[in-house]
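Note that the chains take the letters A, B, C and D in the order they are written out, and that residue 1 is the start of every chain.
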Amino acid sequence: MAVITYSQAINQALVEEMERDDRVILYGEDVAIGIFGATGGLRERYGGDRVFNTPISEPLIVGSAVGAAMMGLRPVAELQFADFIFTAGDEVFLKAGMWRFMHGGAYTLPLVVRAPSGGAGFGPEHSACPEAYIMHSPGLLCAVPSTPADAKGLLKQAIRLDNPVIFFEHKSLYGTRGEVPDGEYVVPFGKAVVRREGDAVTIVAWQNMLRRVLAAADRLAADGIEAEVIDPRTLNPFDRETIIESVKKTGACVVVEEGYRTLGVGAEIAATLMEHAFPYLDKPMRRLAIPDVPIATARHFVDRIVPTEDEIYREVKALVG
Amino acid sequence: MTQLLRDAYRYAVLSRKFEDRIIHMGMAGEIPPTLHPGAGHEVCQTAALAALGPDDKVLYSHRGVAYMIARGTPLTAILADIANKEGGTNRGKGGVMHVVDVPHGVLGESGTLGGGLVVCAGVAMALKRFGKGQVVAHFFGDGGSNRGTFHESLNFSAVQRLPAIFFCENNGWAVSVPTSESTSVPDIASRAHGYGIPGVVVDGNDAFAVFDAMTTAVARARNGDGPTLIEAKVVRLAGHYIGDPQLYRPDRDLAAQKDPLPGFAEALIEAGILERADLETIDAEAQAEVERAVAVVAAAPLLDPALALQDLYA
Amino acid sequence: MAVITYSQAINQALVEEMERDDRVILYGEDVAIGIFGATGGLRERYGGDRVFNTPISEPLIVGSAVGAAMMGLRPVAELQFADFIFTAGDEVFLKAGMWRFMHGGAYTLPLVVRAPSGGAGFGPEHSACPEAYIMHSPGLLCAVPSTPADAKGLLKQAIRLDNPVIFFEHKSLYGTRGEVPDGEYVVPFGKAVVRREGDAVTIVAWQNMLRRVLAAADRLAADGIEAEVIDPRTLNPFDRETIIESVKKTGACVVVEEGYRTLGVGAEIAATLMEHAFPYLDKPMRRLAIPDVPIATARHFVDRIVPTEDEIYREVKALVG
Amino acid sequence: MTQLLRDAYRYAVLSRKFEDRIIHMGMAGEIPPTLHPGAGHEVCQTAALAALGPDDKVLYSHRGVAYMIARGTPLTAILADIANKEGGTNRGKGGVMHVVDVPHGVLGESGTLGGGLVVCAGVAMALKRFGKGQVVAHFFGDGGSNRGTFHESLNFSAVQRLPAIFFCENNGWAVSVPTSESTSVPDIASRAHGYGIPGVVVDGNDAFAVFDAMTTAVARARNGDGPTLIEAKVVRLAGHYIGDPQLYRPDRDLAAQKDPLPGFAEALIEAGILERADLETIDAEAQAEVERAVAVVAAAPLLDPALALQDLYA
C-alpha cells in the first residue's frame, strides 16, 4: 500500500474518476492550480473543457452544477472555503437539496461540491466546519473523510452516486499522510468505522478531531481506560447503528466535534442515543465542541475554543475515569 | 415560420382558455388557487418558444402555463399537478410551479426567483459539451432580473460562450412593486452591454418581432457565439396570483389594457397565415381540449400522501 | 385587553416602535402593501424614506441592514419567505451573524430580519421552518412567537435589542386572534412560558405546533394525562432552565416541531436533558418533526409529514399513558 | 489638492515600507503571514482616499493596508491586529482582514469577497438618511466584482441615489485566475451603463487621474445624484499572499513590472508639489515610523485567549 497525503488522495480520486467517465468535469475558483494542492495538474491533463477556473460567483458554481448534473454530466464543483455554502446558500440548500424532489424525481443530480473546512488562522468566514447545517438538510449527502484512504474512496463513491454530495475536506488534513489501498476501491456512504476498540466509553469524532481523540485515547489507555473510537465517515447517510451498538457495550459516550456546540452533530447523537440506547446509558452523553462563537483569526484563540487533545483526555477521564 | 406561428397562436389561445378555467376552479375552491396567471404574456411566450427546436431545453418562470403547453406537455398533466391528482408530472411535490417534462425539454423552475439563471448556465454548459447544437432558453421576470444570479449567469455564460438565451418578460411589475421602483434603468436589456453580449428589446405583444429576436438569438447560440439577453415588454393582464385585488395598481382596470391575443390573430390573418374563419375553429378546439382535460383530471384519484416521502434521493 | 390578529399585532409593534424611534426603518419586497398583511399602511404613515419596497435582491436586503445598523439606524428588513435566509445566506449567517464579532465589537448591529415561515401549499422553497439553522449559528438571536401578544412584545423587544434578530412569523398564525395587553410592553428574549401546567409529561412546542399540542393536551387531560406545555418563545437565547425544571417534575419529554427531524431543535433539547436532567428522565425523550424531506406542495402531503394533533396525542399517550 | 496628494504619496510610501517589513516578519515566522500584499495598489488607493473627507466612510478590500494608513489608523494598531497583540483594533477576531477604526471612518471588511458591496449600500442608506452630505467608498477587486452582490448593490444604490462610490481595483488577477478568464468584458466600468450610473476607467498608476475621478464621484454622491463605479487599472506587484510562488503568472517577474510609486514621486515633483529632496525625508521618516511601530508591537503582550469568547453580542 502506498503512503500518500490526503490532498494527493483527492487528486488520485479525481484522476481515476475522470479517466473512467468523461462526464466528470471539475471547476471552481483556481482549480487549475488548486490552492490546497488537491486539483493541481488536472487542467493540463484533461483540458480546459473538463477542468476550468470560474469567476468568483459561488451561486453560479453550485447552481450550474445542478443544471449540468440534470443534463447528465457529473460535475465536481469546488467552493474555495466550506463557509461559502452560505454564499451559495440558495443553490446548496434549495437547489441541490430540493431540485430533484420538487420535480418529482424526474432526473438524478449526480454532483459533488468539494468544500475545504476547518483550520486555524483563516478567520471567522474561512474556518468553519459547517457539516451540521448539511446534516439537517434533506437532499444533501455529506462526507467528512478523515484519512487519505477514505478521502479517496469516499470521493470516488461521491462522484458515482446519483445524489448531490457535500464533500468536506478538512484543511488541517491536506498535508497528513496515510496508506491507501492499491488498485481500484470505493468507500460506501453510511458505514462508520471503528478506529479503535474499547469497552470503557464510546467516542465519536471525525477529521481533525479524530486525530486528537486517537491521541487522547492512547493516553487514556495508559490510565487503563479503553475508549472505542468511531469515525462516522459520512453524516448523511449517518450510521446510527454502529454508534448505538458501541454504546450498548460501553454505556458511555462523548462526541467531539469542530462545529458549534448548540445543534452540532453531537445533539443528534444525543437524541439518537435517547431513542435507541437509553437503557444502556450509564451516564449522560457529553459534547465537546466550539462554544457557540465564530472562529476568531488569532491561532491561539482557536486553541481556546476548538477541543484539544488535553481537553478530550480530561473530559473523558472525568466521565468514566 | 408560418406553421410555427400558427401553432404559437393555437397554444396561446389554449393557454388562455385553460388558465381561465383553472382560475375559475381555483376561485370556486375545486383546486388549489396556486396559478400565477399568464394572461397577457402568452403571445410573447409561445412566439418565443416557437423559435426553439424539439431537442432544445426550457427553464420557465412562474407566469402561467403557456410555456409547457407550447412544448407539448398535455393539459391533463399540468392540471393534475395543480389538483394534486395522479397523472401529473411531479407527483405532488411541486404543483404548477415545478411542472417538468423532460422528453419535451421542459426542465423545471426554481421557486426562488433568479435561481433558474444559474441552473440554466449549467444546462448550457452540458449542452455545449454534448456538441449537438442544442440550446437552452430561460424565461424570467423583470423582478427576478434583479437577483445577483443574473449577473453571475450572464457573465459566466458570456465568458464560456454558452448556448443560452436569457429571456426577460418585463411586465412592469413584481407583485405590487412597479419596475421603476426596483430597477435603475428603463431597459433591462441594456444590461447586456456590461457582459459583451447582445441585448435586445422587443415588443412582447408583437409575436413576429419576438419570434425574430428569438430566432436570431437561437442561431447565435447554436453557432457557438454565446448567449443573448432578450427583454420583451409585456402586460400583466391579471393579478399576481389568483384573487389578487391589485389595489396597488393604477392600471388594474383590465378593460383599459390591451390584450395582445386579438392583435396576434389579426397579424396572422394579415400575413395570410390564418383565415378569419380559423379563429373560431381554434377557439372551439381549445375549449373542447380544456373540457376534456378537466374531465379526465376530475376523474383521476388524489395522489397517495405516502408519496410525500419519495423522490428525494435517487 | 384587545383581541387582535397576529398580523395586526406585528403591525402595532412596528407602528409603536417607529413612533418611538425614528431610526427604525422598514423595507423588503412589497412591504408597502404587506403580502401577509403585517406591514400594510406603514408607508403611507411614515413615508417612503422610512418604509420602502426593494428589488428582488435578498442579499442586498439583509446585507444593507447590516450596513445601516452599523451606522446607527435600526432596520427591520423583511425576507418575503423564511426559506430565503439561504438566498441571503452569506448576509444572514456570515454578515449579520459575524460582522460585529470579527470587527472586535467595534459597533452594535441592531437589526431585525422578519421571515414568514411554515404554512401549507407553498411548496418546498416557501414552506420551511428553518429555525434550527439559526439556532446553530452564533451571533443570531432567534424569535418564534406563537401568539399575537408575544408577536407584538417580542418584535418590539427585537427592534430595541442591539443584536441581529431573525424573527420568524408563522404564516398559519397571521390570521389567528388573541388578547394583547393594553399599553406599552415588551416580551424579554430567553424566557420560556408554561402554556399549560401538568405533571405527567413535558411537551415543548411553539408556533403552529403549539396550537396542535394544546389541543392534544386537552384530549390527553380527558384521559387523565396532564401535560405541561412549554413555549420557548425564543431559540437564541434559549431558556433551558424552564424545560429542565419541568422535566425534573414530569420525568418525560416530547418535543414537537415543524422543522426537519435530524438536528431539529428537538436534538438540542435531547442533548440538554442528557446533560442536565438525566437522572430525572423516567423514559427517553421523543421527537415529533418532519421526517427529513422537503415540504411538498400538495396540502394533503403536508399533513402527512407535519405532526398533527392526532399524532401528538397518540405519541404522548404511548409514552406516558 | 496639493497637500492631499503630498499626503497620499507619504501614505503610499509608508504603506510600502510597512508591508515590506510585515512580509519579512511573516516569512521569518515572527508574525502570522496573513497579509495580502498591496504592492502596486498603494498609489491608487491613497490617491482615491485623498478625495474623501474626514467624516466619510470606507469599506476596503483585502489588498494591503494603505487604506487604513491613509485614513489615519496608527501602524501599531494594524500590526497588533496582524500579530494578535494588545493594541489592535479587533481584539484577535479578524486580524488584518478586519481592521476597524470607526473614528477614522474605517468600517471594516467582508471576508467573503463581494459581501462588502451590500453592506456598503446599507451604510450609504444611513448616510443619506442622516443628511449630512457624507459618502461611503467601497474598494474591491476585479475578482470580487463578479459576485452577484455587485449587481444588487449597484442597482439598488442607483434606484435610491445613494451616496456611494464603488471603486474597483482591477489588477488583472484573482489569485491565479486572470481577469480575462473570469470576466466577459475588458472594462468592468462598462457595467455601470446597465445601472444608469457613471462608469469611469482610470489608470490606477496615475494618482492625479485617480484623484480627479474620485473627486468627481464624491461630489456627485454628496450632491444626492447617486453612485459612481470607478475602475482603476492597477498592477499586483507581489503574489496573492505572502509566499505565493506565482507559478501561474507569466508576468511574475517583478523586475519587468512597473512600480507606480516612483512615477508618482516624479509627477509630484513635476507638478511642483514635492522637491526631489523631500523624497529622501519621506522615505526616512516612513522607515522610522515603521521601526517604531514594530518595536511597540514587539513589546506588547499577546492577546488574552479568553477574548475568543467575547464581542459576539452587544
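Quick note on the criterion: a residue touches a chain if its C-beta (ideal position, glycine included) is under 8 Å from a C-beta of that chain, and two chains touch if they have at least 3 such contacts.
Source: prediction; values computed, not measured.
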When B-C and C-D are ranked by contacting C-beta pairs, first place goes to C-D
In terms of CA centroids, furthest away from chain A sits chain B
Chain-centre distance (mean CA atoms) for chain B and chain C, in whole Å, is 36
Cα centroid separation, chain B vs chain D, in Å, comes to 45
Here the gap between chain C and chain D, centre to centre from mean Cα coordinates and rounded to Å, is 40
Between the Cα centroids of chain A and chain C the separation in whole angstrom comes to 30
The positions of chain A in contact with two or more other chains are 54-55, 57, 59, 83-84, 87, 90, 94, 101-102, 123-125, 138-139, 293-294, 296-297
Multi-chain touching residues of chain D, meaning two or more other chains, are 92-94, 97-98, 110-112, 115, 146-149, 152, 155, 159, 181-183, 312
Among line, ring, star, complete and other, the chain contact graph is complete
In their shared complex, chain A is touched by residues of chain B numbered 57, 88-94, 97-98, 100, 102, 107-108, 110-112, 115, 117-127, 129-130, 148-149, 152-153, 155-156, 159-160, 310-314
Chain C contacts chain D in the complex at 25, 49, 52, 54-55, 57, 59-60, 62-73, 75, 90-91, 94-95, 99-109, 138-139, 161-163
As the complex stands, chain B meets chain C at residues 32, 34, 84, 92-95, 97-98, 110-115, 143-144, 146-148, 174-177, 181-183, 247-248, 302-303, 305-309, 312
Chain C contacts chain B in the complex at 29-30, 32-33, 35, 53-59, 83-84, 87, 121, 123-126, 291, 293-294, 296-305
The residues of chain D that touch chain B in their complex are 146-152, 154-155, 158-159, 181-185, 190-197
